[in-house]
Each structure stands twice: as structure tokens, then as C-alpha cells.
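Take a look at the structures listed below.
Here come two complexes built around chain A, the first alongside chain B, the second alongside chain C.
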Partner chain A sequence: MTEIIQKVKNLSIGFKSKKGEEILILRNISTNIKKGETVGIVGESGSGKSTLALAMMGYVKHGLYTIGGECEFNSSNLLKMKNRDLEKIRGRKIAMIPQNAGQALTPNLKIGYQIDEALQLHSDLKEEEREQKISELLNKVRLPSPETIALRYPHELSGGQQQRVAVAMALAGTPDLLLLDEPTTGLDVTTQAHVLELLNFIAKDTGTSMVYVSHDLGAIAQVSDRIIVMYSGEIVLEGPSRDILKKPIHPYTYGLLKSIPKLSLAGLPQSMPGSQPQPGTMHRGCSFFDRCDFSEEKCKSNSPQLEYLEELNTSVRCFNHKSLMNDSQVNQTVNKIKKSLQDKEILNISEVSISYAKQNLLDQVLNRISDDNPTVKDININIKKGETIALVGESGSGKSTILKSIAGLLRTKDGVIKFDQKRNLSSDLKERDPNDLRIIQLIFQNPDESLNPNHTVEEIIAQPLKLYFGLKGEELKTNIKELLQKVRLGEFYMSRYPRQLSGGEKQRVAVARAFAAKPDIILCDEVTSALDVSVQAAVLNLLQQLKEDFGTTYIFVSHDLAVVRAISDRVAVLYQGRLCEVGPSNDVYQFPSHPYTEVLLGAVLEPDPDIKPKLVAEDIVEEKPPQKGCSFQGRCSRILGDICKNEIPPWQITNSGNSIRCHIPLKELQKDQIN
Partner chain B sequence: MKLDNIYQEEKKSNFAKVSEIIITMASRPSGFIGLSILIFHVILAFISPYIAPYDFKAINPTLMLQAPSAEYWFGTDDLGRDVFTRTILGGRTALTITFFGSLIALLWGGLLGIFCGLVGGKTDDIVMRIVDAFLSIPWILAMLLIVSLLGTSTEVLIPALGFFYGKGIVRVARAATHDVIAKDFIVSARARGHSNFSIIWNEIIPNVRDAILVEGAMRWSWMLLGFSSLSFLGFGVSPPTPDWGLMISNARGLMSFAYWSVIAPIVGLSSLIIGINLTADAFAKALGIDRSTKAPV
Partner chain C sequence: MLFLIIKRILLGLITLFIVSLITFVGTEILPGDACTTYLERQAFGEQLEACYRRLGLNVPAYERYVSWAVNAIQGDFGYSLSGEMPIKEVLGPRIKNSLVLASAAIFIGIPIALILGIVTALWRDKLPDVAISTVTIFAMTIPEFISATLLILIIAIWLEWLPGIVIVPTDVSFFELLPNIILPVIAIAMIMTAHMARMVRSSVIQVMASEYVQMAILKGVPYWKMVFKHVLPNALLPAINVVALTIAWLLGGVVVTEVVFNYPGLGRLVIESISNRDLPTVQALAIILASIYVSINLLADLMTLMLNPRLKTLQIRK
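Then we have the complex of A and B:
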């Protein structure tokens, strides 16, 4: 048996509510981390996974306190240790890699200096040796030319590079245990795949144990040997990662896996009803009871214990795991989406360019925009009534920028946006008449920010109704109630404030507000990326249902290719503000495709340990689109030569109606692509 | 769906909200002390004309500079007037003038700040440079100028104080607006086509109100000190109206042998300022916008 390096015993952490009740965030957690293994902790927001990870380095957040149990590291309880003793362990023995490396690095110190600081604290190396070690560490995390990187400031690096630096700093003390709190969550898909691959390599190379905390089963599947699934502060399932992902024997994990959209399946995944109970609201019985498909009478009053199953090497907290064991192959069924496409064109975007360049005085006076290399250029898309078109790309690809211009929030440099084949929409909000504003509504990424925290749900939904239709009194109330019903929220939500709602409920309110204007087009800006997976599927299903009811057209922006696959009819792939590929989503996800689409598709992480991401291109980040030639030339692995650098590639149309903008002939394109 | 969730409070009436805030404020020792002092002063200001034992302007040369006694609790001043009577009456003018002064400061400073924050661009630049220019003028000099030109009547003092103490609020309101302006609910309201007025009234004010109110409460105590300084210099309340600043100024020469005539107004003034300060602090904490809470780690 391998050595256990961290032992968590009966750990409970909580806080005192205003009324003096003790509210538990972690409930009686026991687990062991063995030497050299990577353990993934998965759970939705609020499940206590980060609290557990922090407790593993002896840290309890301000306001929380340890109610019972211990975290034993090298046979001493970290939670009882004095700060001075903890300092000797943190960094040297247990290191942490934070979610947002950009914020974790000091902005005004050079990278080399910051790593040197970590080395001074956590190693006994002399000055000359340290210099050597810095390059060594930077090399290990695969940063190009360590000597120059060491002399840079954090803001001069990209997100992925910053995360690598954070990994290098954590490795400075050669720790026995690395805690990673959502280390790839803020990164682009391609970067994320590269960082995960690096972490895998480091785990093997150094033999460090890792605890990987994430809400993303796809990322967890790639790195972990063992998975702990947490739900409302409890461990509900713990076991070898392959078994858990392939044959989950807890209903929560089972439902969770079913609700994740997959690249290989078009159509919407099934959603899990309800949401995770808030801490302090659990009474008796199983905490998953409300949402469980397999629940029985006894689950309501008795809470199941964590049961260890010898033959599977798995612990599970469920009375009914046996019935799941027999048929737990996750057979994903999807709700096929109905095509409600009409031939009528509703929005025509032609030759649109948008510039963020600061204009000089002359241009300001003449009220014009001049920029020969604008952020977004040559966008031509025709959108049909009832269609869901998705704009896909990494951060900086201009997808949200285009959305803003359609909404009139950002002036375009050139080009025309035409509604319903006849009306030109001005890109300046002030020049649009109220009806032009009404027909296009926005739903934002983060409902916490898009709903005014000081308004009740009623006031929030009333705003468009009052503004566009001048409704008052009873009529207004009836309309609000109808809208709430449409998004499946009860009437009693009217008097609630956003802070009293869960993430999914908030997003439903935002959806209701958008539909209140009776719009023709709804712009969805990453509407599900701030939501938990189990809730995401429900919101996607709702959007689809509403679209069928109202015949609305969606323009859907997302970085998540699997979500896009699930909901969209057509996909437009963007890189550096230029279109790479436009086509029906079924065809875009099949080959041949643009080399950039290939990179994106390859990097998608599926919650399956057998599907590894394919890392095609480097994860360099380009600041600006190239002056001439193909926008993807800097990262393309199939670059032909000067033609790509000098000439804008032509549109090529495949048999299925998929347009690809590339110099490589279609036949050639297909050849080396992995289908 | 369960309804007995602790996070699901129902919508409260405004009265319930205010009383909850006051209860939260009073639950802290400092807040309790501050509130008690403030309420004591306010009640005193209302009832003092009825409970004052003597006439505040009755001069009696035979009773000059009497030490505190059972008859004259705080003694008498150089003109033989009862110091206790004058002290309990001395806060009334200051309290009234500064209260309305801070209201004016809040109103114009808050609204202008919010407007600048929302509109941005050139308008913001120009207005803020003017505000900066005014901020660089020592307020007391400007006040002296205004008072000597227009007199020391209440109608002059309230707007003048309100103007000079509102400049700082412009900055605070503008910064608070910048905090919310980038949020998507403002973008959303703009995209729907709401007017600037509607955005300010419905979206911004509910979110910056707390910060501005706290700032206004702090300004009140500063304004009180400022007003008393004016009186001290002889530009505030005109004699024989009792006022702490004026009383301190009159009696300060006699401090060495008739300390009582100067200590009483000092205690009155400083306790009121401390009371307002503590209350403003507790108010900020009760609203949850206190920035001094312990940082993690």
C-alpha cells in the first residue's frame, strides 16, 4: 500500500448564522490522499469543494471555523497548528495553485523575482543556484525562452503563461502535495488543454500528489486517478476515476454526466430538476432527495451513510446504488431540437468591421473611424427567421464585439446591419427608434451582474413592459405572471430580490425580461457559462422551448463547443475578428473543416478518460490580427507559405453547404484531419 | 419547491427596512453610543426652549462668572448669563443649519456625481475639473468672503455650507457610480433604450444611495465643526443667540479662572460631533459598505 500523505478525518466546517444557528459547509468529510496520486474533487458551486481544498493546507476562510475533525499531514493536525508552524509547511510541503493566476501574481514585480522569492522562502539554495533553478522551473512548465520570461512583468504574459508561472512558483518548494483550485477555469479551450497536459506531465515527472478542484468533469477526467464527488458539503461518491465517469453509481453523478452536452451528440441533454440546497436548509434525509430520480420514501427521512464497496473500491452515499450498478452505463438521451427555420431572412450583416482603436483629434472632429486593421473585419452573415446561429471562438475573437454592435452598443466602422430585409439598423443606440430597440434583446453571461440587486423580480421584468408597451397596474401584473410562468417560476418569485435566487433562477428571470419585449432576435452572450452544469442543461432546454413557442431567432455566443453543438442550427467560427468557417452545425463538427475549427474541436475536454484532447496548434495568444493574409497564419500548423501570409483566403463551399475560408483545397484539408 | 429557506426573506416595507438598519446599528456598542448621543442632542434641541431654567439673554452684572452651584449648574459667564441655559440652547442653530446644509450638499453633490459618472466623456472631464478647482480653494476663506458680502443669515449660510461640503460628495458619488456603471444591468437598460433620467433614477440611485448617505453623514459632522469655526470667528450666529462656537470664542480668554464657561460648550460640540461620527460608522457597517473589514489571509 502506498503511503498516505494527507488524512482528512471527520472534518466539519461551518459558520454561525445571524440567529446563532450553526450552519455546516462541510459535513463529516473523511478521505485520504495517497502519495503520487491525483485526486479530483468535483461539485457544483456551493458544494464545499474549495473549502475542503483550503482546509487541506490548514486554512479556514474568515468567518468560517472548524467544528470538528482534523486534517492530518505528516501526522500533525494542520487545523490546530500555529501560524508559524504552518508557514513551514505551506509552500514547502503543500503548495497551492490559484484559479486566477493573473491576480495571484504581484503586478509590479518581475516573474523571475517572484519565483526567486518563492525559492528563498521554500528552499535552501544559494543565490547562484537559485538563478539556475528559476530557468529550470520555467523550462519545466514549458515557457518559451525562460531567460526573457523571467525579466517580464505578469501583465506582459497571456493567461495561460501566467498560469504556468503560478505552477512554476508552486513547484519551487518541491512540495509533496499540490492543491489546484479550478486552475484552468478562466482559460481558453486550447490553453486549458495545454495546461492540463502540462499538469499531467508534472504529476508523473515529480511524483507529487495533486488535489484538483473543479466543477468541470471534462478537466477532472483528464487529470485524475481518483474522483471525489461532493454535494452540499458531503462526499456522495468517491472512487477510481474511470469507474465513476463510466459507471456512476450515485444518482447525482449519473444525472450530472447525463446533463453535460457532448460533442458527439447533437441535441439538448436532459436536465436535472431543481438546484442544490443552500447550506443550513438541509433537514433530515438525503440532501439529494428533491432532485433524485431514484428516491424512495426512506430517503426522505433517513440520510444514507457513505458505504464502502470493496469490489469496486468505491464509496457511495445512496440507499439505491445497487439498482444503479446494474444499469449505470450512462446512456445519454438527448431532446432532438425541432428545426423552426423559415426562409425569411431576418437579419443581414454585411461587410461589418468594428474598431477599438483610439481615434486622433481630426477623426474625432469629423466623427469618423479610421483604422486599417480593425478588431473585427469583413463579417457577412445572413440570419434566417427562427434560426439559432452560434458565434464561436476563443477570447479576443470578437464574438461579443459583434453582438454589441448588433445591439447598438458599439459603433461599427463600416458595414450595414439590415433587419427584415428592409430596415437598416444604425449602430448608434441614439439613432434607433424604440421599435428597433425592442426587436433586439440581450441576455448576459452573468445574471448577478445583469439584474439590478436592488430591484425585485417584479420590478426587473416590469421595465421592458412599461417602456415598450406602457403597461400599468393589473395588466402589468398579469403580464409579469405570465412571463414567469413561461420561464417556469412561480408567482411568489415576484417579490424576491436577485440575491435570494439561485444562479439558474436568476438566469430565468433574465430570460423572462428579454422575452417581455416580444423581441424578434435575442442575443445570448455566454448565457450558460456562469451556471452549474446541472442547471445549464435546464436553461438550454428552456431557451429551446421558448424559441419554439415564440419563433424567436437566437444569436448565441459561446466558447463552449459542446453547448453550441447542442443548441445551434448554424455555427460561425471566428478567429481574431475574422470569420473562418460558417455552416450548419452538423457539418462544422464534421471534417473537413478550417484548421482553426480543428484546433478548437481537438481541445474540447470530454468527461471521459478515454477521449484525450488533441493538441494541434501551439497555445500562443496573438494580440492583434495580422495586417494581411489569413487571420490564423500565426498559429496554423498547416500553413502553406507566402500565400497564407499575403492573401486573404477565399471562401470554399463544401457539398453540405459549409463555407470554409482557407487556401488549402478542400480535399487536402480533409486528408490529415482526424475524423 | 421548499419555501422555508432561510435565504428567502419576503419583500419588506420601507419602515421595516429602516427599523432593521437602526436595530443593527444599535447592536454594536459604538453604534449604540453614537446613536444615543445623537438622539439625545436632537431631543434636547427640540425641547430645550421649554426646559431652559433661565432666559438666555438675561444679563445680570451682579452674577458675573459665578462658579457652578445648585442654582447655576454650569455657572455663569462674563455677563452673568446662565451657562447651562445657553449650553442646552447652543446646539439648536448649529444642528438645524448643518442638517439642512448637508441635505443640500447630498442632493447637488450626489446628483452631479452620478450624472458625471454616467455620462462620462467630455462633460465629465469639464465638470470634474471645475469641481477640482473649487476643491483647491480653502473653504473657510471662501465662506468668509460670502458671509461678509451677503451677511450671516440662515438663508445664506445653509446654501453656502451646502455648496462647499457638496464638492467632496461629487467625487464619492461619481466613484460609486463608476462601480455600478460597468455592470450588465446598466448596459441592458441602455440597450433597451431607457433615458438617462430613467437609468439614474431606477438603476443607479438604488445602488449608490447607501454610499452617498454614509458620506453625507460624515460630511454633516465636518460641517458642524466648520460652522462652529465660523461662529468662533464671529461669522456664524450673531449674538446674543447662544451658540457653542460663539460661546467658546467669548469665554476662551477667561479659561484660566472661569473654566466652566468654556468647558460646557466644548463638551456639547465635541460630543455631538463624536455622536454623528459613530453613528455614520455604524450606519456604514449596518449597510454592509464598511471597507475596513479584515481582509482574508
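Then we have the complex of A and C:
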């Protein structure tokens, strides 16, 4: 039997409400972490997974306190330990890799110092040895030229590099246990795949135990041996990761897996109704009762206990797990999307370039933008009425920039954006008339920031109705009610403020506001990235339904390629502000032809331990597009030579209607897919 | 970097130019002028004409502005009306006195404010915080004319420890002035320290709640090392601008306190010259106060730029 390294026993953590009630964030958690194993903790936001990870370091956030139970490490309870003793364990025996390394590195201290600090605290090395060690560590996490990186400040590194520094810092104390709190959330797909691969390598290389906390089942599937699924502060399922991902015997996990869009499957995943209960609102009975498809009468009044099933080596908290066991292969059914494409072209983007370069005085006088290497260049896309076109690419690919230009927030440098063949939208907001503004609406990524916190839902939705249609009084109210009904929110939401809504509800309000203007085109900027998976599916389904009802055209921007696959008719792949490939989603996803599309799709993490990401290109970050030649030349693994460096590649068109911009002949690009 | 400094200095000069223009136009628009004020009831006919010629008021306004501006740049602000002496000589000792008062308040007030702010933040919601915060909020809310009057009543009149008001000549030496400034300094420092301590407190609390401080704790960094290495450098950066504004406010003359204590500083001079309708002095004061504000803010911005690695590289890259 392998040695147990961390033992969590009956742990409960919570806070006191204003009324003096004890409200639990973690409820009676028990689990063991064995030496050398990687345990994934999965759950949606608010499930208590981060609180649990922090407790494993003996850290409880300001405002929370331990109600009962212990976290035992080397047979001493970390939660009762004095700070002075904890300082000797933190960083040396147990180390943390934080979610957002950009925020977690102290901004005024150089990278080298921050790693050195860990070495000073947790090793007896002398100064020169430490310097040596810093280079070694930075090398280990595969950062280029460690000596120069060590002299930089955190903000001078890219997101992926910052995350690697955080890993190096954690490894400095050669810990026995590594806690990772969403270490890849917020990174680009390709970077994420590389960081995960690095973590896997480190786990094997050093034999360190890892606890990997994430909401992303795709990432968890790639790293963990065992998975713990959490729901509203409880463990609902715990077992070997393959079994849990392939044959989940808890209805929540089952629903969660079904609501994740897959790369291999077009169409929208099924959503799970409802949302996780807020801490403190739990009633008697099973906490998943409201959302469960398998619930019975007894689930309402009795709460199930965590039951260990020896034959599966799995613990499950459900009365009905036996019936699930028989047919719980996740057979994903999708709602096929109806094509509502019409032949009429609604938006023509031709030869558009956009620049962020500052105008000097002369340029301002001449009303021009001079920049020979603009952020976005030569964009040609014609969008049909009723189409959903997705722009994909990593951060810095210019996808949001293009959206901003269509919305009028940024003026174009060159080229024309034409609506309905006649109206020119190349100018910015100030020069557009109200009707031009009405026909294009935006939905933003984060509804917390896009909804005015001091307005009620009614006021928020009323605004476009008043502005564009001059509605008043009763008529206005009826319209608001109709819109709320459309986004499946009850009338009683009208008087609520955004802070009283859940993430999904807020995004629905934002959707209702966009539709209030009766727009022809809606720009969706990462609309589901801030939402939990189960909520994401519901919002996607809603968007699709509304589109079918109103015949709206969507321009959809997302870094999540599986989401794009689920909802879009056509995909445009962008790199450094230049188009690489445009084509029908089915073709692009099934036969990715452009080398960059291959890289991008290869790096997607699927919640299936059998599908490993393919790492084709290095995850270097380029700050600026190259002056000449192909935009992807810096990272392309199939680069032909000088031709790629000097000449802009031509468009090649496949039989199925894909346009690919590459120097490699079409036949060769397509041949490789068969192999 | 150099480009930025030059740009900021140019902007400052433009600001000063606009201020000088506004004050000049302001004094022109007001009914009456230096001669009518000076001559009072005799302000008519031959006498008035003679006065105009003597003071050069008979030439067009823009010409007067230009000659005034040219002289002002060289440090010559013309003659004060009330004292009939060069403004330069009136201002000199006043500036010195204000400087003495301000620096005393700064040297006492800023360290105390920093310590109080940091202590209250680190012991947030505990006894030291509750006690100090109550006192600072109290000190912030009492207007200075009340606290100054109370100080005079208690320390000067009841206890007779220190002189209550300043009755020395304007141009006394530093050491003769010293006992006189203790009470004004206390009155000013109280309100200034309270404001700054609150600022520092909220800034430190904000940084303490940041992810990088949590990360430092989870890295096993001992508490005080964390405070000095990870918290304070980041928390005190935004304080620089507040400190600069406070210094500018102090140097510009704390009008109310100076009047209450009869202190011969710039602030009292402002009041005096306005009530005497001594327009040339008012003009000169406006320009001097504006230059103090502009230059101290410029210094503060440059300091923030130097100390914040984030801003520094941003500028260099551009």
C-alpha cells in the first residue's frame, strides 16, 4: 500500500452570516492524497474546491474559519498549527501553483528574486549555488534564456511564461505535495496544453503528489489518476479518473459531461437546468435534488451519504447510483442546429485593416492612420443573413479587434465594411446614425461588467427600447416582459439588480438587452467564457433558439474551439490579425488544413483520457506580426523556406469551399490529414 | 523617458501661461484699477492721468501683459501698492516663513501618517486599528479653525506654555520664529496626518488582500518579511501623489491656520492683498502658487514613474 501524504478528515469550513448563522462552504470532507498520485478536484464555481485546496496548506481565507475536522500532514494538523511552524511547511513540503500567475507574482520584485526568496527560505544553498539553481529551475520549466528572464519583472512576461515562473517557484522548495489551483485557466489553448504536458512531466520526473483543482474536465482528464467531484461543498463522487469520465455514476457528473461541447460533435450539448444552491440556502435532502433527472421522493427529505463501492474503488453520494451504473455510458446527444442561412449577404468585410498605432499631429490633420504593419490586415469575409460565423485564434489574434471595428468602437485603417450591400460602416460610432447603431448589437464576455450595477433589470432592458423605438409607459413594460420571457426569465426579475442574479441569469439579461434593439447582427464576444459549463450549454441553446426565431446573424468570438464547433456554421481562423483559413465548420474541424488550424485544434483538451492533445508547434508568444511574408512563419512546423518569409501566401480554395492561405500546395496539405 | 519629462514640463509651462492669462484678465475686468484705489476720492482729472502715466496704465492691456510677463519671468513682479515696495521683497520672507511651517509639518506629519496607516492596516479591526481610526476620523472632521482656536485656548491661554499668536516681524530669523510655529504646526499636522493615514491604511489593506500577498504567505515567507518586501513597496506607491498634493497645499499657504495664528506666511498674504485690492501682489501670488502645484505634481509623477517598474518599462518601450 502506498503511503498517504495528506489526510483530510471530516473537514468543515464556513463563515458566520450577518444573522449569526453558521454557513458552510465545505461540508464534512474526507479524503486522502497518496504519495506520487495526481488527484483532480472538479466542480463549478462556488463548489468549495479552492477552499479545500487552500485548507490542505493550512490556509483559510480572511472571513472564513474552520468549523470542524482536520488536514493532517506528517501526522500533524495543519489547521491548528502556529504560523511559525506553517512557514516551514509552506513552500518546502507543500507548494501552491496559483490560478492567475500574473496576479500572484509580486509586481515590484524581479522574477529571479522571487524564486531566490523561496530558495533562501527552504534550502541551505549559498548565494552562487542559488543563482545556479534559479537557472536550473527556469530551464526545467522550459523558459528560454533563464539568465535574462530572472532579471525581468513579472509584467514583462507573457501569461504562459508567468505560469511557468510560478511552477519554477513552487518547485524551488522541492515539495512533496503540489497544489494547483486552476493553473491553466486563462491561458491560450496551445499554451495550456504545453503547461499541462510540463506538469505531467514534472509529476513523473520528481514523483511529487499533485492536487489539481479545476472546473475544466478537459484539463483534469489529461493529468489526474483520481478525480474528486464536488458539488455545493460536498464530495459527490470520487474514484479512478478513467471510470469517472467514461462511466460516471453520479447524476451531476453525468449531466456535467453531457453539457460539455466536444470537438468531434457538431450541434449544441444538452444543458442541465437550474444552478448550484448558494451556501446557506441548502435544505434537507440531496443538494442536487432540484436539478437531478434521476431523483425520487426520498431524495427530497433524506440526504444521501458518501458510499464506498469496493468493486469500482469509487465513492458516490447518491441513492440511485445502481441504476445509473447500468446505462451511464455518456452517450452524448446534441441538439442539431437548424441552418437558417439565407442567400442574401448581410455584411461584407473587404480588405479591412485596423491599427492601434497612435496618430501623430500630421496624421490627425490629414485624418489618416499611418502604420505599415497594422494589428489586423487584409480581412475579407462576406457574411450571409442568418449565419453564425465564428472568429477563432489565440489572444492577440485580432478577433476582438475585428468585432470592435464592426461595432464602431474602432475605426478601420483601410477597407470597407458594408451592411446590406449599401450602408457603409467603416466609420466609427460618432459618424454612424442611430439606425446603423441599432442594427448591430454587442454581447460582452463578462456580464458583471457590462450591466450597470445601479440599474434594475427593467431599466437595463428599457434603455435600447426607449433609445431606438421611443417606447413609453405600458407599451415599454409589455415589451420588457416579452423579452424576459424570450430569455426564459420570469417577470419578477424586472425589479432585481444585477448583483441579485447568478452568472447565467446576468448573461440572459445581457442577451435580452441586445435583442431589445431588434438588431440584424449580434456580435458575441466570448459570451460563455465567464460561465460554468452547465450554464454555458443553456446560454448557447438560448442563443440558438433566439436566432431561429428572429433570423439574426451572429458573429461569434471565442477561444473555446469546442463551443465554436457547437454553434457556428462557418469558422474563420486568425493568427496575428491575418486570416489563415475560412470555411464551413464541419470541414475545418474534420479536415484542418492550414498548419495553424492543425496546431490550434490539436491542442484542445477533451474530457476523455484517451484523447491526448497533439503539440505541433512551440508556444512562443509573438508580439507583433512579421513585416512581410506569412503571419504564421515564426511558429510553423512545416515552413518551406524563404518563400514563407518573404511572400504573403495566396488563397487556395478546396472542393468543399474552404479557403486556405498557405504556400504549401493544397494536395499536400490534404494528404497529411489522411495519414 | 527624457521625452516624457520634456513633454510634462512643457505642459506645466502651458498651464502657468493660462493661469497668468486668467489672473491678468480677471484683474482687468474688475471695476476700478490701481490708480483709483490709490487715489481714492482724488481719482479724477489731472491727478488720475498722472498716476496712469506713472504706473504705465495708459498703454493697451496686451502690451502691459507682455511687459509684465517678461519681467515676471525674470523674477520682477513690479511694485506692491500698499507698501510701495517691490513685490519681490514682500514675497521673499513670506515664502521663507511658509516653507518653515510646511517643512516642519511635513517632517512630523508624514512619518507619523505612514506608521499610523500601516499599523491600522496590519491590525485591521483589532484594538490598535479601532483606537487609532477613531482618533484619525475625529481629527479629520474637526475644521482647522476650531482645533487651532482650541489649541490657543488650552496651551497658550490656560497653560501659558507657548505664545498663542505670532507677533514677531515678518523677517525674523529662523530661531526666533521657532517657538511660534509649534502650535500652527500641530494644528496643520493633525488634519494632514489623519487624511494621509486613512489613505495609507486603505492602500495597505488593498494590497494585503491581493493574490500576490496570499501567494507570498503560501510560499512560506515570514510575516514581517512579507510586509516589508511584498506589501509596503506596492502599497506606498499610490501614496506618493497624495503626499505631493498635501505638500503643495502646505506650501501654498494654509490660509485659515495662518490667519488664526496671525502667522506671516503666504496664506495670510493672499488674504491681505485681496482685501487691500493690491492687484499686482495677487497676480504674483497666483503665479507662484500655480508654479508650486505644477512643479510638485511633476516631481511626484516622475517619482512614481521611477519607482514603479511597470510604468518604467512601458515608457521605455514606447
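Quick note on the criterion: the second predicted complex is superposed on the first by the 668 of 675 C-alpha atoms of A that agree within 3 Å, B and C clash if a C-alpha of one lies under 4 Å from a C-alpha of the other, contacts with A are read in each partner's own complex, and residues count from 1 in each chain.
The rule is short, and it goes like this: a residue touches a chain if its C-beta (ideal position, glycine included) is under 8 Å from a C-beta of that chain, and two chains touch if they have at least 3 such contacts.
This structure is a prediction, so every number in the text was calculated from the model and none was measured.
Visitor: Quick one: is A:Asn454 in contact with chain B, with chain C, with both, or with neither? Answer first, second, both or neither.
Guide: first
Visitor: May I ask you to decide whether A:Leu409 touches chain B, chain C, both, or neither, giving the answer as first, second, both or neither?
Guide: In the superposition, A:Leu409 contacts chain B only.
Visitor: Once the shared chain is lined up, is A:Gln500 touching chain B (first), chain C (second), both, or neither of them?
Guide: A:Gln500 contacts chain B only, not chain C.
Visitor: Report for A:Met57: first if it touches chain B alone, second if chain C alone, otherwise both or neither.
Guide: After superposition on chain A, A:Met57 lies in contact with chain C alone.
Visitor: A:Lys126 in the overlay: touching chain B, chain C, both, or neither? Say first, second, both or neither.
Guide: A:Lys126 sits against neither chain B nor chain C.
Visitor: Identify which of chain B and chain C touches the larger number of residues of chain A.
Guide: B
Visitor: State whether A:Arg284 touches chain B only (first), chain C only (second), both chains, or neither.
Guide: neither
Visitor: With both complexes overlaid on chain A, does A:Met169 touch chain B (first), chain C (second), both or neither?
Guide: second
Visitor: Just to be sure I follow: which residues of chain A are touched by chain B in one complex and then by chain C in the other one?
Guide: Shared contact residues on chain A (touching chain B in one complex, chain C in the other): 59, 62.
Visitor: In the complex of these two chains, what residues of chain A are touching chain C?
Guide: The touching residues are 54, 57, 59, 62, 83-84, 86-92, 95-96, 98, 100, 103-109, 117-118, 121-122, 153, 155-156, 169, 173.
Visitor: If we count contacts the way the header does, which residues on chain C are in touch with chain A in the complex?
Guide: Answer in residue numbers: 209-223, 229-230, 233-234, 237, 308-310, 313.
Visitor: Can you name the residues of chain B that touch chain A in the complex?
Guide: Chain B residues touching chain A: 1-11, 183-185, 187-194, 202-203, 206-207, 294, 296-297.
Visitor: Residue numbers of chain A touching chain B in their complex, please.
Guide: Residues 17, 59, 61-62, 274, 277-278, 280-281, 290, 407-409, 429, 432, 434, 437-438, 440-442, 444-446, 449-456, 463-464, 467-468, 490, 492, 495-497, 499-500, 513, 517 of chain A touch chain B in their complex.
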